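Before I ask anything, let me first share the structure, which is written out below as structure tokens.
Which chain is which? They are A, B, C, D and E, in the order written, and residues in each are numbered from 1.
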Amino acid sequence: MSENGKPKFAMYWAASCGGCEIAVLNIHEKILDFDANFEVAFWPVAMDAKYKDVEALEDGEILLTLFNGGIRNDENEHIAKLLRQKSQIMVAFGSCANEGCIPGLANLSPIESLFETVYNTVSTENEEGIRPQSSYEMPEGTIHIPEMYPVLRTLDQVIDVDYYMPGCPPESHQVAAVVDLVISVVKGEAVLPPKGTVIGAGNSTVCDECERTRNVKKIKKFVRIQDIERFDPEICLLEQGLICNGPATLSGCMAKCPTSGAPCVGCYGPGPRVLDYGARMVAALASVIDSRDPVEIEAILDGIVDPAGTFYKFNLAHSLLKTGKASWNGN
Amino acid sequence: MVSDHVQQLTEIQEADFEKESFLDEIDRSVSSGFSGIINCIQCGSCSGTCPASEDMTHTPRHLFAMIASEQRDEVLSSNTFWYCVSCYQCVVRCPREVKITDIMYALKRKAIRSGLYLDSDSISVGFSGRFLDYVEDYGRSFEFGLATRHNLRYRPLDAMKMAPMGLGMFRKGRMDLTPNRIENLKEFQKILKKARELGETI
Amino acid sequence: MTKPFEPMIIGFTCNWCSYRAADLAGTSRKKYPPNIRLVRMMCSGRLDPVFVLEAFSGGADGVMITGCHPGECHYIEQNFKALRRVLLLKRTIEPLGINPQRLKLVWASASEGNLFAKEVETFIGEVRDLGPLNWQKRAMRNDLRLVESLPEEVPV
Amino acid sequence: MNKKRIGVYVCHCGTNIAGVVDVENVAKWALEELGEEGVVVSKDNKFMCSSVGQELIQTDIEEQGLNRVVVAACSPHLHEKTFRTASERAGLNPYLCEMASIREQVSWVHTDKAIATQKAKAMVAGAVRRVAQHEPLEPIHVPINEATLVVGGGIAGIQAALEIANAGHPVYLVEREPSIGGHMAQFDKTFPTLDCAACILTPRMSEVGMHPKIDLMTWSEVENVDGYVGNFNVRIRKKSRFINLADCNGCGICEQKCPVKIVDKNFEAGIGYRKAIYRPFDQAIPNYPVLDQPNCTYFIKGTCKACEKFCPTGAINFEKEDELVNVEVGNIILATGYDLYDTKKIPQYGFGRLPNVFSSLEFERMCNAAGPTSGEIVLRDGVTKPKSVGIVHCAGSRDLNHNNYCSSICCMQSLKFAHLVHERTGATIYNFYIDMRTPGKDYDEFYQRVLEEKTFFIRGKVSEISDAARNEEEEGKLVVQVEDTLLGEQRRIPLDMVILSAALVPKADSGDVAKQFGISCSSNGWFSEKHPKLDPISTMTEGIFIAGCATGPKDIPASVSQGSAAAARVISYIETGVLALEPIRATVSEENCSGCRICNDLCPYNAIVFHDETMVSEINHALCQGCGTCVAACPAGAISGTGFSNEQILAQVKGLLMLDFAEPELEKVP
Amino acid sequence: MKYNYYPGCSLERNAHSYHDSAMAVGTKLGIEFVEVEDWNCCGATEYMSIDKISAFTLSGRNLALAYEQKENGDLVAPCSLCLLNLQKSDHHMQESQELANNVNTSLAEGGLSYKPGSVQSKHLLDVFAKDIDENEIVEKVEKFLYGLKIAPYYGCLSSRPGFDGRENFDFPLRLDNLISLLGADVVDFPLKTHCCGGHMTQISEPTALELIRRLLKNAVDNHADMIVTICPMCQLNLDAYQDSVNKYFKTDFNIPVLYFTQIMGVAFGFEPKEMGIWQEFVNAKEVLAKILDEPPKVPKEKRASKTALPMAKV
């Protein structure tokens, strides 16, 4: 508790884009309620703070930390562990912290090739071929920059997480609802859900909230949105051959993308108790392909241009194969 | 001497396949690697079909039973496969998909290499060998050379009888006295030399 | 001295055909290499891709799925769904760094004990040729040199 | 949740397992290494399936408080039931018992003892991890409707219908043709007793026609089947006969007066004629005629109506339409029979090109006293008696180019033909066979009798039947070319007449019928049995039974037996009133279902229904057969399957991978 | 329409009337045949009897050469045996990787290679009987062959073993149809796919003569004026050995044997001589003189007698 009696709050970004912060600010006037009920202890995006200030806090002194971003370097890991130690409630906030998100797609490539892309392509002027080094000897002494890890890990692969709040970014109405809940809890008007709960989301998948008409599915051809001239504004996108990840993606976003004609890309991650997001899409799509002839099936599958990228756009770092849960057992 | 090439083949030492059964040997020799003899139900569909089975010492069906019972020498000295005209009628009628024509070719090859064919069948060996000689020399077959050399060697009496037909062939412009050669004969011969090196050891 | 690589194969078999084919291989004492460990499902249509992913990430070098022959499925047509899933799954694991040849679908009826044993032996041989997958290490290190290199196209 | 207490029991199976697997070591290892997984007891025993072995499990459940059991022994297909029952006797839910097949999958197929033992341990680990995820299950109970549908009115269907009806239960018997009787009604004599087929069949047919418990629907076809065991709902189309049945007295005048004569390809097998309004044969049941609309002059040209003019009761009704009937039944017996293989597909046998080559069914009709020749055996010209006749066995059977199975009845049928030809014409007879197969009661005796009648038997598959004569003797004859394999010689035998004993093949639409009823076919197209030996009359779909030639070629006694057997099973279901089904089923979690409808078309049993109001899918447990395809397909992970849940299978995979290929110290160095 | 064309050794000499007539008829139908550059002998049945790999390699070379000029279309062979060897090699190379490797290793010595399955080959008959529309053929006919009774002889290898999925091994109909388009009568010829004796004339003449006799007898028994063949070996055996058959069996067969392209040529209005109709041993002139200007009156099919049983016709 701070001097003014308000509980402390922290928010941190690791490997992420900053959209999650904007989503928090997007709750509009509710941010005032938030300010009225919390004291910000650490929120680099919003106000200046030093790591040593956090280090100086008592363990558990922060009530609530919203952590966004995946763990890509030793700085990310250090702060994640530090905040864990200082916080009572640790929320993996947004897709990156939950499942790796777009930064997690880098797990498809080894680190050398990432550096090669960043530091040695035509758009980069780097004739000496300089690469970042985690420590460098200067006359003034050794300087350090964070060391890049070979893979990006999700927050719960590094520290113990209390709650998960998915989305890229989490929808503001969901953020607002969570803020309301936490305030009620602080006021003693509500109790927290059990540890490990996914908050700020539904318990079904996107189709549940999608307004499009759905029929029995039989797919003869997969198409990309740029390849079709017209599509039916009323009918399920998947039935029209567009790969929509809605059936496998956790609800809570109010199906904004598919309702407005863009196939769901899956930012809310898998449904409840699902071990591997991509496996769900593979199983579901393959099941409804309308052919029994291996040659024809292959021809239909040719319509899925980038299976791994399509099925694991957000979930790769959390998937079974690319360093998901199983890999981190006992770590 | 039957033919240059056949002579070479006969001299190849039989490789060390002692443990291999004759049936396996045949399987290995047919083009697809499986002769189907083990599937044979001895129905006789092949022998009943065969246009030449009357002249054969053993009907094809009988021969398959002999192969299955490892009568290698008897099989290879049978005339059956030398009378096979390669019409594939038995193959399409066989209820068990035995690769009969391929087996007959395999047996011819084995009979030549083992030298077990009878004198009476050397005419077949000679004909094939002579055919080969001309193709290897010119890249194309040479009917006049083949017919004359073959008949003089094996059927001197018939050769005289065949003369009118030969004459007719010339008169009607159906036979040449000189062979046609292909252009890239050297490369062609290199190809065939390599192919023979890769050929079956037995 | 290096010990020879022995692949670990997880097999998913359907209850009606291929599991019985495995039973028959047993009752007829048909020998095959011990590198495969079987999981029984009711039908190859039960094949959830997550089982395959779990097997690979858990240390298997190859996964073999067996079902009834097309047209003979005890649940009429569910094996076609398995076929489609396997085909899509192969395309999905390849960019993730697993050679799709490590995943194989085989049809075997209850009477094909010999075929079952032969297919198992063939597949073990194929995976042995591909070498160890050792997925944990590969994924953790994300090392390009360890990621599966696919065999070159057959020259024309 | 209470703590998992798992008992592991490793069977020696005499030396069957213990000869290759170090059984004691496996048991010891399980106790030492799988304690964390919940293993509290681990034992080995000479024969786990013996009463001693079973009691061991029971005692431990009772005394040690085991709540899960793993038996590492033979295949679950052999003894799963045994050990589940043993567990149940001790008060444990039977579905909390799991087996590891270390005999069929380890000791019988591997030789290296150390590696086999290692694999056995891994399989025990897999089973232990799996069983820890098991939930107690209860069988599903469904009530059984008393009525039964029998499809197909051949001898198998007739038998089944009579058995059930005689037990006092209602039967709907549906037949596609105008009369019941099936193929047997076409035959003259039956082997080996040479009973007249009509004499033994027609009393059964009339019994069906008059039975108060049998609702006979001929000239009818099943259009749709819904529901599940105990509660099927079937829609039947009664095709219009263009006759008011209430008025028709079966006098047959319409048939006499009809001016249209057409070749009867069905009942007369194409060698006889019928009218456009006809009864297929005199003893037809029911005895009403059928008007063949496509061939009726009135329907083609708009005039004629001869039948109507002459009908004494005014029963002809050209306006009559098809009727649709819905019936509710608890069980269904499919006895849909077979077709004869079209021997035109064997061009070298000349059927359809050479007039005097006859198919077996043509010959059956020719022999029949009520057939087109009144039982005279003659050549195609209808008058000449053959002096020499060849009978070709296996025409289209045992041949990968045609049908790769033995049609089972042709040897005996051919012997019957030989006998009839001998008896009626005295002609010289040749039987051409590959192997003689006479395994029934009194069958081989019949073969001997035909031998005594001086019939020639030539062992060889006929290669061709030709009219291309090579010499004078062959001019104008049919020449059968064959190897006499016992002589090792090709022979050409000139004959007047040749009969092809054609293969029996599945009904042309057997695949569609199977689909309609939710059962499966073998690759040949015959209906698949639940188990070919131990349950040949059941299918994988509960409540659907099969009998007669629909499951494969059979002779009459076998078809009749199957009809009775299927009926007995149905009666036992009806008598029980309620059926307990294996509780391996899929369930949709309504809360998690998003109504995406991915699963809707995946179930071959139509067990998945979509509720438009609530926008969720639901699975009907009585229809669900537990294959798990929808469980695997659900993108939301909202469908779970009992008995084979994701948790169970993933746990088993983890367990199987717990141990390496071989223990490090045991590994051989090359 | 354009094809690659593999004439084979026979068509260079003994069967060059087949070649000439095929080219003339093809040109008339707007078909261009481009000869495969520097093709070699197919090996007949002889190579396979002696060495498997070199037998496949011979055809492998031809296929490789055909592939190099693949832009001309499918590969056409007028000789049934040549076609068989091309298809057999391709088929077995597709089936066996080991064989394909061996053949390619050999071909590499001559700087060639062949990818199994990349060349489609077909019989010349299929060009005229399948690829070309029936109407186009009828349009080109200037003189219908009315009244000519022809026995269509396919021989063995155009129908069997069916590497390209043949219609009917015993009773094919493509040649029958083509002949009837030309206005001639096709006679029933049950032995139309039976063997002509092949190379047995050189090995065991009695065997070969008996096979030839069967065919001739069957054609004559069915009242054929002429036999039409699609293979140079068949033509040679039935034609050149007819005299030997007569001597050996004391028969008096005198039935001309022509290539199907020759009678197509006659129907298309070419002079018989242009079609090489003088090179045959049994002269066809007399028979061709029987061609009528009008289609002959077909006697009404006799009504089946009242007693006759109906029959399911093929």
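In this text, a contact is a pair of C-beta atoms (placed from the backbone, for glycine too) under 8 Å apart; a residue touches a chain by one contact, two chains touch by 3 or more.
From a predicted model like this one, the values you see are computed outputs, not experimental measurements.
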### Interface with more contacting C-beta pairs, comparing D-E to A-C
A-C
### Task
Taking CA centroids for every chain, report which one is farthest away from subunit B.
A
### Query
Based on CA centres, what chain would you say lies at the far end from subunit C?
E
### Task
Calculate how many whole Å lie between the centre of subunit B and the centre of subunit D, each centre taken as the average of the chain's C-alpha atoms.
49
### Query
Using CA atom averages as chain centres, what separation in Å is found between subunit B and subunit C?
45
### Query
Distance-wise, how many Å sit between the C-alpha centres of subunit C and subunit D, to the nearest whole number?
32
### Task
Would you pick out the residues of subunit B that each touch at least 2 other chains?
92-93
#### Entry: Residues of subunit D whose C-beta touches two or more other chains
348, 464, 602, 629, 632-633, 646, 650
### Summary
Touching at least 2 other chains, the residues of subunit E are 169, 214
### Task
Within their complex, state which residues of subunit D touch subunit E.
263, 265, 270-273, 344, 347-348, 351-353, 355, 366, 372-373, 378, 380-383, 464, 466-470
### Complex interface listing, subunit E residues touching subunit D
168-171, 190-191, 214, 217-218, 221, 305-314
### Complex interface listing, subunit B residues touching subunit E
5-6, 9, 29, 31-33, 51-52, 55, 82-83, 85-89, 91-93, 101, 105-106, 108-109, 112, 123-124, 127-129, 131-132, 135, 139-141, 143, 147, 150-151, 158, 165, 168-169, 172-176, 180, 182-184, 187-188, 190-196, 198-200
### Query
Which positions of subunit C touch subunit A when the two form their complex?
48-50, 53-54, 56-58, 70, 77, 80-81, 83-85, 87-89, 91-98, 135-136, 139-144, 147
### Task
Using the touch rule from the top, collect the residues of subunit E that touch subunit B in their complex.
9, 12-16, 38-41, 43-54, 56-58, 61, 88, 92, 95-96, 99, 102-103, 105-112, 156-157, 160-162, 169, 193-195, 197-200, 202-207, 211, 214, 240, 243-244, 278-281
